[in-house]
Structure formats: structure tokens, C-alpha cells
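Attaching a single structure in C-alpha cells format; questions to follow.
In order of appearance the chains are A, B, C and D, and numbering begins at 1 in each one.
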Amino acid sequence: MSEAVADLLLAVDGVTVDYSGFKALDGFSLTLNRGDRRVVIGPNGAGKSTLCDTIIGRVRPSEGRVIFRGEEIQALPEQAIVARGICRKFQAPGVLPTLSVRDNLALAARRDRRWWKALGTGIPPAERAAVDEALETVGLTARADVPAGTLAHGEKQWLEIAMVLATRAELILLDEPTAGMGPAETSRTADLIHSLGPHRTVLVIDHDMSFVEQLGAPVTVMHQGRFLKQGSIAEVRADAQVAAVYLGHAA
Amino acid sequence: MIRNKLLLLATSVAAAALSACSGEGGGGAAGSGDTVAVGVLQSLTGTMAISEITVKNAEMLAIEEINAAGGVLGKKLNAVVEDGASDPSTFAQKASKLIESDKVATVFGGWTSASRKAMLPVFERTKNLLWYPVQFEGNECSPNIMYSGAQPNQQALPALEWAAAQGYKTYFLIGSDYVYPRTANLILKKHIEKGGMQVLGESYVPLGGTDFSGVIAKLRQAKPAIVINTLNGDSNVAFFKQLAAAGLGPKVLPVMSFSIGEQEAQAMGAQLVEGSYAAWNYFQSLPGDANAKFIAAYRKKFGADAAITDPMVHGYLDVYAWKAAVEKAKSFEPDAVRKAAASLGGFPTPMGTVSFAANQSLVQKAYIGRLKADGQFEIVSDSGADIPPQPYDALAFPGKTCTL
Amino acid sequence: MPEVPAILRRGLPWLLLALAAAAPAALSGYDLNLLARFMAMAILALGLVLVWGHGGILSLGQGVFFGLGGYAIAMHMKLADLPAGEMPDFMVWSGREALPLWWAPFGSATFAIAAAILVPTLVAALFAWAVFHRRVGGTYFALITQALALAFATLIISQQDATGGFNGLTDFYSILGFGLASPRTGVGLYWLTLAILCAAFVGLRWLTASRFGMLLRAARDGENRVRFLGYSPVPFKVVAFAIGALLAGIAGALFTLHAGVVSPALIGVVPSIEMVIWVAVGGRYSLAGAIVGALAVNLARDAVSSAFPELWLYCMGALFILVVTLMPNGLAGLLKGRAA
Amino acid sequence: MDLFLNQLFNGVSLASLYLLASLGLALSFGLMRVINMAHGEMLMLGGYLAWATLLVVPGAAGILIAMPVAFVGAAAMGGVIQTVLIRRLSARPLDTLLATWGVSLVLQQAARDLFGAVGVEVRAPAWLEGSVELAGVVIPTARLFIIGVAVAVLGGLALILLKTRIGLLVRAVNQDRMMASATGIAVGRVDLAVFCLGSGVAGLAGVMLALLGPVTPSVGQAYIIPAFLVVVMGGLGSITGTTAAAVILGVFAALAQLFVDVSVSQMLLLVFVVLFIQFRPQGVVAVRTRQLDA
């Protein structure tokens, strides 16, 4: 197998998602290699979130395939996809409000998720390290035993990012991770993503241009569910078509 | 602070409730002081309430009349009324409460076969005596139950003999899906085949069922001479309405019912069932002043237009039979009363003179009535002589006898 | 809201145990039997705390599993007193020639007890898997369980010659050689019921505190969130529902031993939904609360329906309306003073 | 052969009864994701109101007057239940099931105390008696009348939903409550209107049922479980889904009676619904919504 194909992690191939007439994704394709950082931008309703939904299996595409490490996963149930090493952070924080911060992380960090393995109490030593490490990276160690529901909005976003990290997933999908965050926290999030290292692949969905710049990753622009342009942040910014789409003229 | 008091109250209520139930029984013991406790156990709530409340009323009427006339062996009757709630396990539980806690001398009650079967082990364990007022499927022979309701050979078979005499050769059996219809139909099928006649179909509908479209379609195809109907309660209303809608009213297709009395006819609207037949051991329209006196007394107490049915009269005469047996045995002890009742001979009742046979079932006449527009039954034939009760049908269950 | 004295909150289970232990000495035969029946029902209520409180699954069909347990034991007791090969009485007068094949194994006590435990559990697991794995839940599930209760009761009534139909099964004399009529057996059965109730209480307290309980509650609060952590909520909900059915089956078997009768009137739509109100009154998240709820409602039913029968339906109706709207956490909620 | 045809017609007649009984439920379920367990008692109320009307106006026209009376009476009762109880529990659908079951118990016992446990007599008027013979199939006029009323109610509802302003509001709230209230629709009032409409239809159904069945305190219980199954199968409150489900279940129940006892056919009905949701868990007509946790 040639070197290029070997490190192809994810391929979204001609995917269409049809919400009874409205095509959120229309024959959209995208590829990600291992260790890549990619940002997907586009006006509201361009299909960014639906792309995440399709990859994670929350939405079934009517056409096209999603291939992860050479395996078609678009038909698998969500938990099977997550178990294969893809994890996603939602726009609205998906933390479990009644459980403590540490328990949220413990559940994310578990390796063996079958139900009879869940009969023990407390956190097994193997996962305790991953939990502490995740707490450390997002700086929530002090708030570890507080019910997640009582965290401030920004802290919830951090907890969710920590949970995504704790799953040690290979492909991380971040859907507007900095929504509702102040500038300081936004830049801390950018640093965090940089610090993830080469063995993690990150796909970020956002339209906060300052955050996209801090990431400095290649950008894919989506419009009405279709691929529009791809390149560095500078090239995309200069492109007339992208500007037209953003300013509302017909493409 | 109030909340603390509230929660202390909550836990103590639970604790008190637990210990309270021990002190709750305590009724007058049989024979002690100048009263004797007797139990009245019918369903006052649930699906059977409509039929059983009036039987309880008749039983209470008899108890009041007896108390007014000086009680039994100089003791006033203290009636302890309990609700069986149309549920067999509640009947069993309340029966043991009446006997073990309230120490009653005897119990009047029960309606469905299910309630009687559930109470049977309780009465046999405690050696008490139950007076059962309703027609039933037979096949039971317990020393602790006085069966005043009709055995199959005192209701179903006389009705069949009358139908055969009228020249009906083909039958269709429709019933509610519970024990009495299924067993009665089993006996009827044997007798119909023995009489050289034919059963064209047999259908059951769940208790309380209201959809008869399938049954009527089968009925229309089979074209029987007469339908034998053992439906119960609400189902009768739905059955006759849908029959009328399909143009098969009682005038077109004769129907012989075993569970439609004056009360049910009144509720359904007599015109709907006008012309259909019923077989009972008592009709409100029976002549005789004992019947007239009973109807007047009941109506004075429970409403001028109250309808009087067969089970109500049996409930009423059970209390008097118990009184006569106690006075004959000169003791409230159930076993002595049982033997005295079986050898009591004829005693006067609104149904005329009846008596208990050795197998503790009532020897009684059977009547066939045709429903008139005013909700009363016109008696079209009667069995002539009294019919001795046969708990086990000779054809369906050969070789079984009931000797007590 | 002033914090509830901790000793009282933790004390409730011990208070109940002390009272229950004193009962055989304090109560007469009839009252002890009555209490034993309500304790059997309390076992079922504990199952509902796991299924409904922690699992968020409203089951309106627990009567089905209660019935399966009860009928399994009753079938054994009907055969136990008969010489081999002979049929119970109701089969004779229902016009049956031979004992149905599936009745034969119930001759042995071990088979019957195993069936009373396993059959409800397996039926529940299969039914729950069939519905949950297609992601049907919430209101739909509640309505389907109610339809299941109706269909099961109707089926039992219609197969009268094999199940005793509307009369159910009654007239038992002995279990494992112990005569049901003797008071000693009554007290023995009471202790057995109390032991099983305590075992269920301890077992469920551990299970709900474990990660299994954590994930069950997480699935209750948001199924999709749990999915995106890589867990399928289906096995957790199926196992919880199956444990609820297991406890209901055992409760059914014990109730039948105490009541001496099992009939379709115990497993239909109305009794199944009333089982839920015991837990609602006691407190759907609290194990001790559910026990108190089951005992309190059943004792109230027995007391009120004796005194003024027609009022009982109003009381039951009011219980449903008031408890569910004003006291979502039931009596235990008053005690704990906060939503679980 | 004509037994099969007869039974097919009976299936359609049963479907019309199921539809009338479940339409109100589907409407309020679609809108508020909540099931009113006292819906059966709305049917009962319709029956008693028909009885009361026939006392005042006996004779042929009685039944026609009874229909609007039952509609308004049941709608009013539905309105009371919605404002007093269901509105408070909107966030807790499962608890609403239990609370409205309490209402159902109270209404049944009240009917028992007011009108007597034995039930009252409602006679179909003369022009509904008898039946028409068509190609071997005997069609009772009463059942034909009920099918006609069911179709009319269906048409009326479709008209209201599609053509009127209130219909527009209902569809908006049905698709996305949050968005609807964000655009200024008084969602509470729409809920009340739909609930009254649903209960009214149930009252009307009560009059129809009184033509073919008893009017007793517990008549609601006989029709409520099939109505639930229709709503479960019909999918998230869509009128077309509910209609399709009512026809499927009605014909299935009727034809099953040809081969097995009525009791067993009820068991088969349940097994059919459980199997059906294996293939279409979202019901007959799927409505795709984008919410994270419906």
C-alpha cells in the first residue's frame, strides 16, 4: 500500500444528507491524513454541523460513504464509531449534568464499555491516570468533584474537550469549541489543540475567524452542503468567491 | 422547622400503619354478648360492582328484618360488610379477615366462580360456612359452601329442553370468555348432540369486550335457529346493539340468555332486548304474596324503580335459611348449621317453597321468561316439579357424584 | 430548607427492619399474612425504583412478570398434591383429556422455582431488547407495556383449560412438603419474604451506586450523550428492565404462596399501573421509600376499602394526581429535601 | 368468500372507530409529546352527553344534536384537564401519563356515582336501524354512518390544519416548539386549543360508540388500549400516520377474528405492533427532527 494511502485516516466520499427535501450535504467530499489539522468554515446552514453528524454516525447519509482507516462506517451505530476512535464535541455542551466532573471524565476514559464491566464502583487505576491528565490539561482539577451541571458555560466547554481527549480518540471533531468563550480562553483552546501532538487528527468547525487564524491550519470552505474552496487561511481570505458567499451574494 | 415535623410525621405514619393493622380486627366474637357477627362479602367496586351491590342490599335487608323480629336464638345479627373488589385474591383475603379477625359465624357472598374458588380453601381451612347466591358451572362439592345458585341442570338444561320443545334444531353458543360460559357450553354441547341437534358455532369475547363484528359475521353465515348467550355485563349491551344494527334483533333471531336479568334489561333499554328469552329460578313477575312483600320491602329501602333479580332473591333467602338452620341446630357452630340446613326440608321464600338437598345445593324450579317492552319477563314455561340439583353432569362428567 | 437530620435519613431502612423483625411476635396469623403479602409487593416496588427511578423507563406492565412468577409456583403446587399423571380439577371440568405438555416439568419444585425466576427475566429481556434496540422509549414504551399487560391477561383468561382462565389457580395445600395451612409455615414464609426483601434492597443499593447505575442514570437523562461517549444505552436499559422483571417474578411467587391464589385480576392493566403509584408515593429514587410506599398504599387500600368502598377509587385517583404533580420524589423526597 | 368480504367491511368499520378514538390523542401527542390517559373518559363523557341529549330531544334528530353537544362538552372537560393538570407537567411526559390516569379513575367513579354503575341506555334512532345489502356484503347503516362521520372529522381536521390560521400555528408548534414560541406564537394557548379539539373529537367518538356499544362508567377503558396502539404505530402525531395505522390495525383485528378467537386476536394485535416498530421505529410516517435528545 503506497505511503500516501497508508496515512489516509478519514475519507468523506460524495456524501449527501437529505432532510426530506432540504439537502444539508450535497455530494460533499473531504480527506484527512493522520496528524492533520483542518478547519471547516462556511456561512450558517452550509452543512458544517451535519458533516460532523454524518462522520460520528448521528445522521445516516442518503448517498456516499464515510471511510475511517479503510473501513466504511456510515452504517454503524454511533457507539461503534466512537469505539473505533472518533470522538466529537457538540455545539451545546454534552456533559452529564448530574454526575461529577471526575465521573464524566471516568466514563469517557473507560476502555471496555460492555455493561458487565461497569459493575464495579470507583475508577479503575488504569483510567485514573488518563482522568487526572485530562483534568490537568484543561485546568479543572480543582473542580473535579463538583456536579458537571453547576459548571460555568466556559468550564463546561473545557470539560467536554477534556472528555474528548480522555477517550484517547485518534480523530477529534470539535464543533465550535470556543462558542461562548472569552478571548483569553479562546487562545488557550488554540494552544491546547496545538499541544495535542502528531498522533491526533483534529477537525474543527467554526466561524470565529480570529480563532481560525490562531490555529493556523488549512481551511476548507463549505457552501450549501458543497465543497467550495480549500487552502491556507490567507489564500481563502483573498478568494473572491469565498468573500461573495460570506457577504451573501450568489456564488 | 415545620418541614422537620412533617417528615417525622411521615415516618411515624408508616410505622404506626404497620402496627395499627394488628389492632384493626377485633369485631364481636361469634356468640359472645347479645350479638353474633355475620359476614357479607360482595364486590362493591370494580367490574362486578353493578351486579353485586344489589345482592349485598338484599342480604342486608334480610339481616335487618331478622333483627327487627328479635334476631336468632335471642342474639342480634351484627353484619360485617367487606368489599371483594372484583378480585379473587381480595375475596380470599377478606374472607380470612371476616373469619379469623371478625370471628363471624358465617359468610353470605361471592358472585363470579373465580371469587368462590378463591374463597373455597379459606372456608375449608377455617371450617366456616359460605352461602353462595349465584348460578354457576357446578363441578364443586365442598362441605363448607351452601350452593343456593342454580346448578347447570337447573338453568342451562331446562332452557335447552324448552328450546328443543319449541323445535329449535341448530344452536350457536356465544359467551364471555370466563369459566361459567365455557363450562356451561361444554355441558350444553354434550346434551345438544345427545338430543340429535347441532351446534353450528361457538365464540367467546373477552370480558367487557365491545366488538362483535366478527361474531355476528359468523352468526349470519351459520344461520342458527337460536343463539344461547352467556355473555356478562356490558358485553350484552354491545352484542344486542350490533345485532340490531345488523338487522338480526331478537324478533328475527331468537336469543336465550343466562346472564340477563331485570336489572341488566333495564340498563340496556328493554326495547333493545325485547322478545329475547332468559332462564332463571326466579323472575320479578312471579306470582305469590311472599314475592310481592319482598319486592315492596326492597323498593321501600333501595328505590322505587329497583329491579329485582334471581341472585338477589337467593342472597335474601340464604340469610333466612341460615337462621332456620341455626334455630334447628340450636347452635351457631358452622358444621352443626350445615347439617341442619341440609335436613331443613322446605322453607318459604319469595321463590316459593324450596329446600336444600343432601349435597347442600338448593332444590328449586326453573322458569323460562320472554322479555316484554317494560323490562319485565313474561313467564312462558316452567319446569313443573322442583329440579333436584346435580353438581356433576352425567354426560359431561360421568361417574362423579357429590355426597356430603 | 433546613438539612434533614442525617440519622433519620439513613435511619429509615433500619427502622423498617426493626419493625419487620418484631412483626411475627406482635401480629396475629391473619395480619402477619397480610403484611407478608405487602412485603412481597414491596420487592416488586424495589425493582421499579431501578427501572423507573434510575432507568427512566416507565413500565405499566410489571403485572405480567408478577403473574409469570406467580403462575410458575402455582402450577407446581397444583401438581405437587396430585398422584403422578393425574390432572388438576379445573382441567377435568374444562373438558381436557390430558395434562398439557408444558405443565409436566412443573411437577419438580426446583424446575418451578427456577422458572419463576428465569421466565419473567428472559421474557422481559427479550421484549425490552426488541423495543429498545430500535430506539423506541419513553411514552411509546409505556403504552406498549400497558398493551402487553392487557394482551397477557386476556390470553391467560382465554386458555382456561390450561391456565385456569379467569378463576386463576387456587386451592393449594403444600409447598416443598410444608403444609400451607399450618401457622408455622406462614411464619416461615414471612421470614423468607423479609430475607428476600432485604437481599433485594442491599443488592439494588450496590447496583445503583456502581458505574452501572451511573450510566443507567446518564442514559435516562440523555441517551445520545451516552452514545457519544461510546456506550450503547440499550444493554443497560435491558438489564435494568430484566432485573425489575426478576424481582417482580419473585414477588409474584411469594404473593401466591401467601394469598393462596393467583389470577388474571392481579396481572392486568389496572393492577400493573397501581404498582407504579406505590413507588411514586414512596419515592421513585429511594429504595426505602418504595418499600414504605408499597406498604402504606396497600394498607390504606385495605383500611379504606373496608370502611367506605366507593371512596377508594377517589383516593387512588387523588394519589395519582397529587403525588405525581406535587411530590415528584414522594415521601422520601420530603425526607431528603432535595431532588435525587 | 362473502364472510371474508363482510369481515373486510367490518375491518373498515372498526378502523373508523379506532380512528375517532385515537385522533384526539394523536393531535395532542404530536404537539405536546404527552398522552392523556383520561382520553377514554372523554369517550365516556360523549356517550353520557348523547344520553342526556336524547332525554331532552328524543326521536330521529336526537343523535344529530347530540354530536355537537358531546363535542363541546368533552372539549370543555379536556380544556379543564389541560389547564389544571397537564400544563403543569409539560416537562414530564411520563408523569403526565400517571397523573391523567388518576383523572381517569376519578371521572369513572364520578360517573358511577352520578349516573349509576349499571350504565345508561342510548338507542340508535330509527333511520340508523337495519342494513343495506351490497354484492353479498351486509352493511349496517349505523356502521356506514360512523364511517361517514369519521371521514368528515378527518376532512374537517385536515381543513383546519391546512387552511386556517390556527392550523398554521398548530403545525408550527408541532414541528419545533422552541422556534414557534421564539417567533411569538402563544404556545400555551395553541396547546389548549389542540387539547380541546382532541377531547372534542373524542366526545364525538363517544356518541358514535354509543350507537354500537354500552354507555357505562368503564366504556372508555375498552377503547383506550387500541387507541394507544394506533398512536404508537401512527408515528409522531401525524394525522396521515394515525389514519393509516387505524386502517391497518382495524382490518388486521377484524380479519384475525376469522381464524382465531377474539382474545387471541388481541394478543396478535400487540405482537403485530411490536414487530412493526422493528422495521419503522419512528411510526408509519417519519418526521425528521434535528434535536439532540427528542
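Basically, contacts are C-beta pairs under 8 Å (C-beta built on N, C-alpha and C of every residue); 3 or more make two chains touch, one makes a residue touch a chain.
In this text the structure is predicted, and so the values were computed from the model without any measurement.
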*What chain is most central when centres are computed from CA atoms?*
C
*With respect to inter-chain C-beta contacts, which pair, C-D or B-C, contains the greater number?*
B-C
*With centres defined as the mean of C-alpha atoms, identify the chain lying farthest from chain A.*
B
*Please report how many Å separate the Cα centroid of chain A from that of chain B, as a whole number.*
73
*For chain B and chain C, what's the span in angstrom between their mean Cα positions?*
33
_Suppose each chain is reduced to the average of its Cα coordinates; what separation in Å results between chain B and chain D?_
36
*Which positions in chain B touch two or more other chains at once?*
177, 204, 206
*Can you tell me which residues of chain D touch two or more of the remaining chains?*
112, 221, 261, 263, 266, 292
*Give the residues of chain A that touch two or more other chains, as numbers and ranges in rising order.*
90, 94
*asked:* Could you list, by residue number, the parts of chain C that touch chain D in their complex?
replied: 56, 58, 60, 127, 130-131, 134-136, 138-140, 142-144, 146-148, 150-152, 154-155, 157-158, 222-225, 269, 273, 276-277, 280, 310, 313-314, 316-322, 324-325, 328
*asked:* Looking at the complex, which residues from chain A come into contact with chain C?
replied: 56, 58, 77-79, 82-83, 87-88, 90, 94-99, 103, 106-108, 110, 113-115, 118-121, 163, 167
*Interface residues, chain D side, partner chain B - complex*: 3, 6-7, 10, 13-14, 112, 117-121, 123-124, 128-131, 138, 140-143, 209, 211-216, 218-219, 221-223, 253-254, 257-258, 261-263, 265-266
*In the complex, go through chain B and note every residue touching chain C.*
1, 3-4, 6-8, 10-11, 13-15, 17-22, 24-25, 44-45, 82-83, 85-89, 92-94, 96-97, 100-101, 112-114, 117-118, 120-122, 125, 137-139, 177-179, 182-183, 186, 204, 206-207, 396-397
_Using the touch definition from the top, list the residues of chain C that touch chain A in their complex._
206-207, 209-212, 214-215, 217-218, 221-222, 224-232, 235-236, 239
